[in-house]
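Worksheet: the structure to be examined is printed underneath.
Should a chain be cited, it is by its letter among A, B, C and D, assigned in written order, with residues numbered from 1 in that chain.
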Amino acid sequence: DLGGKFDKSFNEAAFSGAERWAEETGGSYKDVELQSDAQREAALRGFADRGYNPIVMAGFSFATALNTVAADYPDTKFVLIDMVVDQPNVKSVVFAEHEGSYLVGVLAAMASKSGTVSFIGGMDIPLISKFACGYAQGVKDTKGDATVIVNMTGTTPSAWNDPVKGGELTRAQMSQGSDVVFAAAGGTGLGVLQTAADQGILSIGVDSNQNYLQPGSVLTSMVKRVDNAVYEAFSAGENVMPGFSAMGLDNDGVGYTVDEFNKSLITDEMMAAVEDAKAKIISGEIMVHDYMSDESCPSF
Amino acid sequence: MELTHKSGRQETAAHDLPPAIELRGISKAFGPVQANKDINFSVAKGTIHGIIGENGAGKSTLMSILYGFYKADAGEVLINGQTTLIPDSQAAISAGIGMVFQHFKLVENFTVLENVILGAEDGAMLRPSLAKARKELTRLAKEYELNVNPDTLVEELSVGHKQRVEILKALYRHADILILDEPTGVLTPAEADHLFRIFDGLKKQGKTIILITHKLREIMDITDTVSVMRRGEMTATVKTSETSPEHLAELMVGRKVLLEVSKTPARPGASVLEVENLRVVDEDKVERLKGVSLQLRAGEILGIAGVAGNGQSELLEVLAGMQTATGSVRLNGQELDLTGAKSDARTRRKKGIAHVPEDRHDEGLILEFSAWENIAFGYEDDPAYNKGMLMDNAALRAETHAKMERFDVRPPHPRLEAKNFSGGNQQKIVLAREIERNPDLLLIGQPTRGVDIGAIEFIHQRIVELRDQGKAILLVSVELDEIMSLSDRIAVMFDGQIMGERRPEETDEKELGLLMAGINRKAN
Amino acid sequence: MQKMPKWADVALIPLINILIAFTLSGLIIWAIGGDPFRALKTMVTGSFGSTNGWGYTLYYTTNFIFTGLAVATAYQARLFNIGGEGQAMLGGLGVALVALSIDWPHWAIALPAAAIGGAAFGAFWAVIPAYLQAKRGSHIVITTIMFNFIASALVGYLLLNFLKVPGNMSTESAGFPAGTNLPTFSDMLAPFGITFAKNAPANISFLVALACAFGYWLLIWHTKLGYQIRAFGQSETGAIYAGINPVRIVVITMVISGALAGMMALNNVMGEAERLIDNAVEGAGFIGIAVALMGRNHPVGIVLAALLFGFLFQGGSELSLWEGIPRELVVVIQGLVILLTGALDNMVRGPVERLFLMLHKGEA
Amino acid sequence: MDFLTLIQILDSTVRLATPLLLACLAGLYSERAGVVDIGLEGKMLVAAFLAGAVSYVTGSVWLGMLAAIAGSTALSMIHGLASITFRGDQLISGVALNFLAAGLTVVVGQAWFGLGGRTPSLSNGGRFEPITLPFADAVADVPVLGPIYEELISGHTLLVYVAFALVPLTWWVLYRTRFGLRLRAVGENPSAVDTAGISVVRLRFTALVIAGVLCGLAGAYLATLAAGFVKDMTAGRGYIALAALIFAKWRPWYALSATLLFGLLEAIGNRYQSIEIGAFEIPVQFMQALPYILTVVILAGFVGKAIPPRAGGSPYVKER
């Protein structure tokens, strides 16, 4: 999406999936970043005209362009991440971000000493609310009296690229008692993680595994395996199965991460609780509310 | 007629001393315009040397070269007999040259003191420089009658005082040679007299002065020698004692010039303008007009004399619709709106008031506009200039061309931008626009400021012609000469009030001067 | 009398400048390991080599003509309108509201209605800073910058809470009814037997932009109002002398300026996206500043400068598509072009003038 | 709002105002000398990038800062070349610099680090550490004044103190030194300076060098605060600084208040993102736009006409 290829989270995850495929198979692919909305259609047609197959799009903003283009290229397979487009040659990959967010919410609630945790999103858009809502529910289900502070960075695209503002928001949330902050804000999030580390509170990364960025301070990362989705799409090549693919906890499409950088932060008790929650979500015992279903969030 | 200048009137010392300044073969072109052509001339030490010439003759250019402001294309400069390179103003200053430009080079929102030390500070800190300059200014003020409050902001000073600051700047830098470009153009007679007294003092101290002016009387009064420039060349240098204004005028313009206005007695008709109890309060809450009343009839010229800043400008602006006021103004018996929506200049024009403003650069003209666009300035909505929704530019250009021919604007090119005309010609463009509107009332401020004598003659004739057509004319000028020779009646303003009214034939400059200073003999 | 023939002034010098800018860009491409000649070829063929390329180039050009004219109009009155971005954003809102209000039977009816909607909203967004400048002396540069931020917040809010289709991830309005879809170049040229790329976004609003450029020319140099705007711009005291009401001129000028910026939405919102998306203006308001300045506030100059930027945009996106050259490099090229043709103009002008003077002397 | 919250908001204000203040002072020097500078944004961006890159590579924040200053000054010199030497349009030149900076930082960053224009995170040697002023801990418990000193005044990084110290320094330079006198004069009436025998060109270039250095500091501050460079991370602060400069009427102390005001408004916007009044909730977008709305309101209501240096924006031409 317009955030840029190396935003350390969403787009980078897509890119690394493609890289992994290229490395393993020796195949080649072409990637492009777009600077304007009108280019989406041009890029899709450009790739399709030149016989690229499949064409993977990371980001819901492609939906409209894809809807018109897909019909014109019935022989080309398209993979759209984060949004559903109902066309015979389109595979839509949608992630259950709310479920992953729920899990990190559980961890946040348990790691918090103050009983107040927080969330920093890039812009006030539905996708980000989906993260926030799942997170809030995870927190509340774990600690009924916990407070969740939710902030958004801004209203212009620079909201995704303002680490200084991210840092200030973190401090503002700290001053309201938060000691665990979940950032879903692209480059702005880097400032959040940094400030959390500087100020000695915990943070939660997003999309990619961001634990290594601030070892010992990033509690965990809510990963969204866009890389897997891209990898699979490329691996399947022209034989991508059109249709709808939900990436949730069950198929490891989303999740939380534990590695050498955050091992010490996660107690056995926390581990047990979060695994329990995961199992219950998969089994359907816990219903995590999807913000997109009714554009509201009962946990706020 | 003596055209050499090696020996002058300064018999005593100058004989064996080299001239203070000598120029040899100076030439300067601005693109295609040859502003100076092979100019040779010298000025003896301790004298006052005048330079006259038509607008655009190249006087300012020559002096700017001497001051290192422009670089000459060819030629050399000798100061006190020594060849001196003047690549920049710094060099000129070190050579002992000071210059007062026609348009002052002052920083308006600095104090006098700051302006004086600018570029002549001692050391990196301001405090010592300021203290020293303050002392020095006091000394200079005493020595040359150059009183200015050192702590006033320059923008608050009158023109005369600004000029003193310029002179102080030069003296503070130990100038021995002082160049003044049209210094009296904007001065009142009293200020000019004062300036000349300063010149006398400077001359006594052995300083050399070069004076550029359009006023022959000044040349005759205070210079020792005078040079005439025409079209970039120095055509003559004569001793002042051996020439006459008529002769100088002829040398300048290349033909005989009438220095007196010829006019028949006025035959005033119906009353055109009646002003009663006009009051203006400016932004700083200062009362600028304190109840002015006057009356003006068709076919007469009422001259308003006064030292600049005594309310004449405000009077003109109120009548022209550029300022609001209280009181009452009737034009042809009809009351004018002084404050409301109809108090603007456009409405006034439509009612038959034309206005030649005091400041042609900031008001009368848009310098970046071409001549033809300026001819429509203020009248762009005239149906004659419009065809339907659009302006009829072609017709406007044709009309401008005709007007330029009639008013002898040189060069008569409608497409040329106003800024490229000389001062006199710019003024003629404004006059051509306003006079030919056939107004009932013409307001005219400083009609000949900075204008050469050839053009002055022309402008004066036009004003009188208009009067003879039965128009009412309100003339504001700081030139008493002009007021005396043009007006049928003279009103003198002082401190926002009319001090008294005289007929030119019944008064003299002395009496007017006293009135301008606020002293009314008759009344007392 | 002239130092240089006119053709050298208006054509030769800009050409040399663009050449230098491209040479420098080539060096940068070479330095980061690309092939400058291939890159140039990609850019040129990508933007002018096919009707598809043309379609995109002219689409961007259209945006820049509108915003360039907006900046230029204000500049004639010496008002520096940095708010084209926000005004175009609001214009988008206006166009969207019109387009979504009823089920338009035909684009020919919808177009003028949307133009009025876009212009009105753009003008509204410009008139507040104008009024504050004229009446309260609030610096229009600050207020228009602030209004850009406010516009983005406002449009974002409205999109999210009122215009968005429930269930849709993207903050965008519903698609406009088919009756508002503007004819593209392909639709327009088909009757003449010319085939034009079907999917290229250039549409009839390009002609609207050209008409606006012509209207701008008429307005500024051939009407009383234009005369007054220019006179006011040159000298405020002069304007008062002439009886030109400053408040009126400032407000009217900014209304026109904002309306022009707002009409940009005909192209990007109505013509291309056919829905209102968040941040649809994508910096065109700022590019308009460069376009107006480089075009010397003259309509022909503005159209040409807009075309140049259209080329840079389209050629640049082709570069990043096919040459793997990062899209930011295109921003660098844009910067170099602006710098050389706009600001370093005299660097080339001086020597060229001297050259002509020498040639001239040689003849004489 | 309790006292501690107030302190925290003010603390945040100081941090947010610092880059604005540095950039605003940079603009002040350059515009006082008659060169309009809308390239502040670009200079800051380049400086932030170089600070991030060089600090990371060398591990020294000081070298990073030097590189930031050098880069930003280089852009300043291009601006000078265009607008002073070649008498080009100052606005165009500034716009061009902003484009160049936005592009080059990413292109070069990508070439160097391959992180898409981001620089790797800075470890501790690559950043400025907070400075704890003497006795900060000791007085922390003193009511009212204690927290003010400990939280608000102490504990910022070096550049914050530098920025605040620059305000009186700038005032002193401007109004108490020969250089300041000439600088102010050249922005008001360059021909007065020229006829006084001082080089207009040299003065203006000097002013631009100072502006370059200050923007360099501003950029270095941003990069070290965020521990690395992220593309476009200046996020419009150069424009806000420009607005603050006009707001401040080109005066140093006013510049301090103006930037503090902008900082405060942003800090408040950060702290109170959505406010509920009864059933009506003020949307987050409104709170985020609040600083801008308030700026307009204040400008319209309280600040009169701001008169810029008279010679600003136009190149000095004495002879054509």
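Here is the rule we go by: a contact is a pair of C-beta atoms (placed from the backbone, for glycine too) under 8 Å apart; a residue touches a chain by one contact, two chains touch by 3 or more.
If you're wondering where the values come from, they're calculated on a predicted model, not measured in any experiment.
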item: Pair exhibiting more inter-chain C-beta contacts, C-D or A-D; value: C-D
item: Most distant chain from chain B by Cα centroid; value: A
item: Between chain D and chain C, distance of the C-alpha-averaged centres to the nearest whole Å; value: 29
item: Distance between chain centroids, defined by C-alpha means - chain A, chain D (Å); value: 34
item: Cα-centroid distance, chain A relative to chain C, in whole angstrom; value: 36
item: Between chain B and chain C, centroid-to-centroid distance (C-alpha), Å; value: 47
item: Multi-chain contact sites of chain C, meaning residues that touch two or more partners; value: 149, 153, 156-157, 160, 326, 330
item: Shared interface positions of chain A, touching two or more other chains; value: 124, 155-156
item: Interface hub residues of chain D, defined as touching at least two other chains; value: 117, 231, 236, 285, 288-289
item: Interchain pairs in contact, sorted by label; value: A-C, A-D, B-C, B-D, C-D
item: Residue ranges of chain C touching chain A (in the complex, touch as defined); value: 52, 56, 59-60, 149, 152-153, 156-157, 160, 164, 166-172, 175, 199, 201, 268, 272-273, 275, 277-280, 282, 313, 317, 320-322, 324, 326-327, 330
item: Touching residues (chain side chain D, partner chain C) in the complex; value: 78, 81-83, 86-93, 95-107, 110-111, 117, 231, 236, 239-240, 242-243, 246-247, 283, 285-286, 288-289, 292-293, 295-296, 299-301, 303-306
item: List of chain B residues in touch with chain D within their complex; value: 30-31, 67, 69-70, 88-93, 99, 101, 105-110, 114-115, 117-121, 123-127, 129, 169
item: Residue numbers on chain A that touch chain D, as the complex places them; value: 4-8, 12, 124, 150-152, 154-156, 158, 161-169, 171-172, 175-176, 187, 190-191, 194, 213-214
item: Residue numbers on chain D that touch chain B, as the complex places them; value: 175-182, 184-185, 188-189, 191-199, 310, 318-320
